[in-house]
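Each of the next two complexes has subunit A plus one other chain: subunit B in the first, subunit C in the second.
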Partner chain A sequence: MGQTLTLRRRQSLIGWLFIVPASVLIFVFYFYPIVRALWLSFQTGVGVNLQYAGLFNYQRLLSDNVFKLSLTNVFIFLIIQVPVMLTLALILASLLNDPTLKFRGFFRTALFLPCATSLVSYAIVFRSLFALDGFVNYLLTALSIIDKPINWGGNPWTARFLIIIALTWRWTGYNMVFYLAGLQNIDTSIYEAALIDGASGVTRFTKITVPLLKPIILLTTIMSTNGTLQLFDETMNLTNGGPANATLSVSQYIYRLSFQYSPRFGYAAAISFVIFILVAILALIQMRVGDTR
Partner chain B sequence: MRKNLIITLALVLVIALSGLASAVEITVWCWDPLFNIYAMEEAAKIYKEINPDVTINIVETPWDDVQTKLTTAVMAGQLNTLPDILLMQDNALIKNVTNFPGVFYDLTDSGIDFSQFADFKVRLTTVDGRNYGVPFDNGTAITALRTDILEQAGYTLEDFTDITWSEFIEMGKDILAKTGYPLLSSVSESPDHVMVTLQSARSWMFDENGNVFIANNEVLKETVEIYVELVKSGVLVQVPDWEQYIGTINRGTVAGTINGCWIIGTIVAQPDQAGKWGITNVPRLDKAPNATNYSNQGGSSWMVLNHSPNKDVAVDFLKHTFAGSVELYETILPSSGALATYLPAGDSDVYNEPHPFFGGQPIYADITEFAAKVPAVTYGVYNYEARDAVAVAISQVLAGWDINSALREAEETVKFLMGP
Partner chain C sequence: MTRRRFYRFLKYLFLFIAALLSLFPLVWMAVSATNASVDVVTGRLLPGKHLIENYRKLSQQANVKLAMVNSFRNSIVATFASLVVCSIAGYGFEIYHDKGKDFLMRLLLLSMMIPFAAIMIPLFMMVGKFGLLNTTTAFVLPTISTAFLIFLFRQSARYFPSEIIEAARLEGMSELGIFFGMYVPIMRSTYATAGIITFMNAWNNYLWPLIIMQSKDSIVMPILISNLIAGYVTDYGVVMLGVTLSVLPTIIIFLLLQNSFAEGILSSMK
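Right, the complex of A and B next:
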């Protein structure tokens, strides 16, 4: 009977064998917890006293002002920070793609380095830079741009600005690397032809680079949207959600509900599923808008 | 030959088994090597003489991790990952006992004499009339002041003893004008300062029945108003985080601080300020009916886990050390400043010794005296929710909001979080 296994079947069997270990791990450590979390989100109660309550948690969300505020906060970050960061990354990538540029490797490494640092340690460095008697205030007062130190973490918009600056510093290089990789796939002859036709640098950037990088721009947009909606480390360590919850992210609220407050795991799970649904919707919109294939 | 071998083997087996039976290891989770861990190590030494078969295994675990690990283990039903004893912040004790029923060992009938501990501290470790924690460190609130700066402005420590907040602010403004030093600093967004004042008047953010008591709490309102006045007058400077708060004390940019007496550990870390500090009790509210000059900030207690197979040993260990050994407290006090709430230790000579850093003031005797007068309040199950909400309200009032609407919003937030 063993001999009846055709070559084709044998090959597909080997293929299956190769993906089984990874699939099992993904199912056990990813999909199973996701399903359990979904089940958890239908349960309500404090601590270990949980009961099934259907969609109650999702209803409860609608009247939760802190949740609404945290959602507003991450959307503020999303709308301001993601476009700024991606534009910056795109410009830097096309600058660093110029083969005549000296020390290219150094600049690329230097720009990529921030995202190799630990999230917590960079947040602490930023906190001390932007402290009341920190380097930034010192610099700004020395240059007479401001006459008294700014309490960056002290009022809502400067605190949000601080988070945006930190996020941009940390993630621009990361996105730049994707663009650099994408740029390698654009044939140099296209640029040469454009050059012969007399196209300026700006025209080449907007008419060749951006359209040809579209799939990668789409990818980085979706990844950044996802990352921003799940923001945690920066707000936790830089501002701790303050002042008056002006920088509280949804993930930090989930953390508070689960570990700092009287634990409500069911409710926290429901919030995380709302984020999941939002990411899915935003990704879908971005794909509709961006993918014209 | 064979007979001998069998006898030897049997002997080896017996010895091995007896070793297994008597050698007990008690695992303890606590934080701070200079304070709690050190105290636990000294307690282990004392217990070694009483019961040599027991070893105490101390695992350094910061408080945030203790809470996270505890919650995760209980929610996942993996209680065997928890230690035998853990150190619990008093402000989270009731919350954890209430939300995780049966997880902590009920110490009421364990033979530990809880009347030997400061009353306010026992209240914080009691849930529904049952004792769940062996009280440990003392969080009695103190006003620590730079006597050299006071002197420049013509004041003494006496002037700041048994005073009201309006007197404090009055003198604070004068000192600020004369010397340029603010009296206090605090971490913005942290409501600790307000909590100290609130407890000093036997009030809290919950009433006797555990209902939210924020919007109509006149004492809280007076407390927040005082805090806002302190900030606006410049008598108190707000700093963004804890490190910078410590910095204001150690670098000498403020003339004092109000906090739990454990802040002494931070103050004495700056040797060139030796002899320039003094401590006294905290200011009291002017209007509040139960106003006193005594309060509490922070503090923690030892808890025994119910699932522990060695809980009897763990209880016996605590009974002979933290709840029964004056010697332990005499050892840990001079070297770590770990002030206890175990009252018999207060009579010890060590407690009455003058402290050179504080100009020869017998500070430990003074603090022990304050501790006996701290008003007892119950922090409640939803303490962290209420703290955060009041912190938001304080920020709002500082930003110009009307105090009544800020507190009303805080009350609604807490009510929502407590809701079904």
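Right, the complex of A and C next:
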């Protein structure tokens, strides 16, 4: 008995040795920095010359119009882009789920391929496609849809439209993969029964596909919301936050405050903590949903 | 019947348009990389003969070779370190699990809700304090251990038969020996999935190197292509060649291992 107990303890100890390196790294590079960020958000000053200032940064936040605008921008992207993209992904997934569909593999690969591109690179491709002398303007003028090139990046709403189009291009296939996986778990006999009952394609979609995929739809909604709240690479490279901050994201504002202007780490940390709270709330909802599933 | 045919036609039309829109930007990118800027802006959609010329100009503007080497080195080191550290931990959390370890695992999962933007300033200050700016170490360190990967390997260890472990122990194998000798070879597909995701994340990482890789010698591909568009005049042929080079490795990995890639994406919902 004593022998097995020490053996158990020895194994348990070895187990701890296995998990210590990874755990230490997470504490050092996630938990410590987030606590540090909170502490930083109570300090003001330029660069590393900081002093305690209580809630000053948070008060300043409330009257900062650029911060409010960046938050508004992110929510505009969120409210327009996420529903459009997820609906599109859902429709595409249910069309691709048909085993008799021809060129199924080709469609799947083609729609999924944008996921292989980095955020910076596709942002630059879209920036070039939609440049004043870019291909889209060339095509639209050649087809006489417009008589002079549109300055996509020059007006607040066309610039936002550009971000929304680009995001949709990059992430629709990504979400489609989730729905395809979910659809494979749905018993095909449900669809067969619906077919016998004479349910149309649209009815089958709204009455069977959507309700049964609800947990996954919720999951993808949360993931997309999370991603949009942290938007950076695209606004930085596609529109550089312009014109007049109309596409500035919160992350890009934090970046500007910390690394482009004279560094205001304390104030930037206060803003980053606001994002953290928003993301944390989302993650908690996600875990709740994950538990009940 | 005709109505049904019409719907079928609509369905295929919709899918073809969607596939076309999905592929077009990438095709345009690759084609434009072989054309002069003048041809790109006048809508040329056929491959041209300016590839070498574009590459020459690109090399004058930016050190592509260095950026490629740096990107590959950073990404390979990050992937290797990440797989070793996270898979050992995932295995440890599952095989030797007890109350304490289960609690720690739940605690680590909380790190997944910390957005990078929220911790980048303290991370930057840490890296600066330790004099690690512009180093591969700084690039890699914060990305080695992620709760997501640990969790992925913990789940896969759940399907690792305990009889194998018992038998190996009776034969006198060490615990670390069992991990490397038995678990690693069996879990190759999990390693492939995890490796693809980690490599792609490291390869595409932009914000972190933007902050810490400030010297010319430490430039990586995402920064390089981002710098190409910073000037007043954009040479589209050159820019698209840079972008094409930067997406080539990940596109090749994607086309070769599409299913592992999809699995990696999906594992975040298991």
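The definition used in the following text is that the second predicted complex is superposed on the first by the 253 of 293 C-alpha atoms of A that agree within 3 Å, B and C clash if a C-alpha of one lies under 4 Å from a C-alpha of the other, contacts with A are read in each partner's own complex, and residues count from 1 in each chain.
To be clear about the criterion, a residue touches a chain if its C-beta (ideal position, glycine included) is under 8 Å from a C-beta of that chain, and two chains touch if they have at least 3 such contacts.
Since we're looking at a predicted model, the values are computed, not measured.
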Exercise. Using the superposition on subunit A, decide if subunit B and subunit C clash or fit.
Key: clash
Quiz item: Does subunit B (first) or subunit C (second) touch A:R127, or do both, or does neither?
Solution: both
Practice problem: Check the residue A:S63 against both partner chains and state whether it touches subunit B (first), subunit C (second), both, or neither. | Solution: first
Quiz item: In the superposed arrangement, which partner chain does A:Q11 touch: subunit B (first), subunit C (second), both, or neither?
Solution: second
Exercise. For A:A116, decide between first (touching subunit B), second (touching subunit C), both and neither.
Key: second
Quiz item: Between subunit B (first) and subunit C (second), which, if any, makes contact with A:Q51: first, second, both or neither?
Solution: neither
Quiz item: Counting only touches as set out at the top, which of subunit B and subunit C does A:W169 meet: first, second, both, neither?
Solution: second
Self-check item: In the superposition, subunit B vs subunit C on subunit A residues touched
Solution: C
Quiz item: Regarding the shared-chain residue A:N155, is it in contact with subunit B (first), subunit C (second), both, or neither?
Solution: first
Practice problem: State whether A:G242 touches subunit B only (first), subunit C only (second), both chains, or neither. | Solution: first
Quiz item: With the two structures laid over each other on chain A, which partner does A:F259 touch: subunit B (first), subunit C (second), both, or neither?
Solution: both
Exercise. Considering only the stretches 56-64, 128-136 or 200-208 of subunit C, report the one that runs into subunit B.
Key: 128-136
Self-check item: subunit B and subunit C contact sites that coincide on subunit A, given as residue numbers
Solution: 48, 127, 131, 258-259, 265
Exercise. State the interface residues of subunit C toward subunit A in the complex, per the touch definition above.
Key: 7, 11-12, 14-15, 18-19, 21-23, 25-26, 28-29, 32, 40-43, 85-86, 88-89, 91-93, 95-98, 101, 104, 108, 111-126, 141-142, 144-147, 150, 175-176, 179, 200, 203-204, 206-207, 210-211, 222, 225-226, 228-229, 234, 236, 239-240, 243, 246-247, 250-251, 253-255, 258, 261-262, 265-266, 268-269
Self-check item: Touch list for subunit B against partner subunit A, complex
Solution: 67-68, 71, 74-75, 95, 98-101, 188-189, 238-241, 244, 381-382, 384-385, 388, 391-392, 395-396, 399, 412-413, 416-417, 419-420
Quiz prompt | Interfacial residue positions of subunit A with respect to subunit C in the complex | solution = 11-12, 14-19, 21-23, 25-26, 29-34, 36-37, 40, 48, 88, 92, 95-96, 102-103, 106-107, 109-122, 124-129, 131, 133-135, 138-139, 142, 169, 172-174, 177-178, 181, 201, 216, 219, 223, 226, 229-230, 232-233, 236-237, 250-251, 254-255, 258-259, 265, 268-269, 272-273, 275-276, 279-280, 282-284
Quiz item: Which residues of subunit A touch subunit B in the complex?
Solution: 44, 46-49, 56, 60, 63-66, 127, 131-132, 151-155, 240, 242-245, 256, 258-263, 265
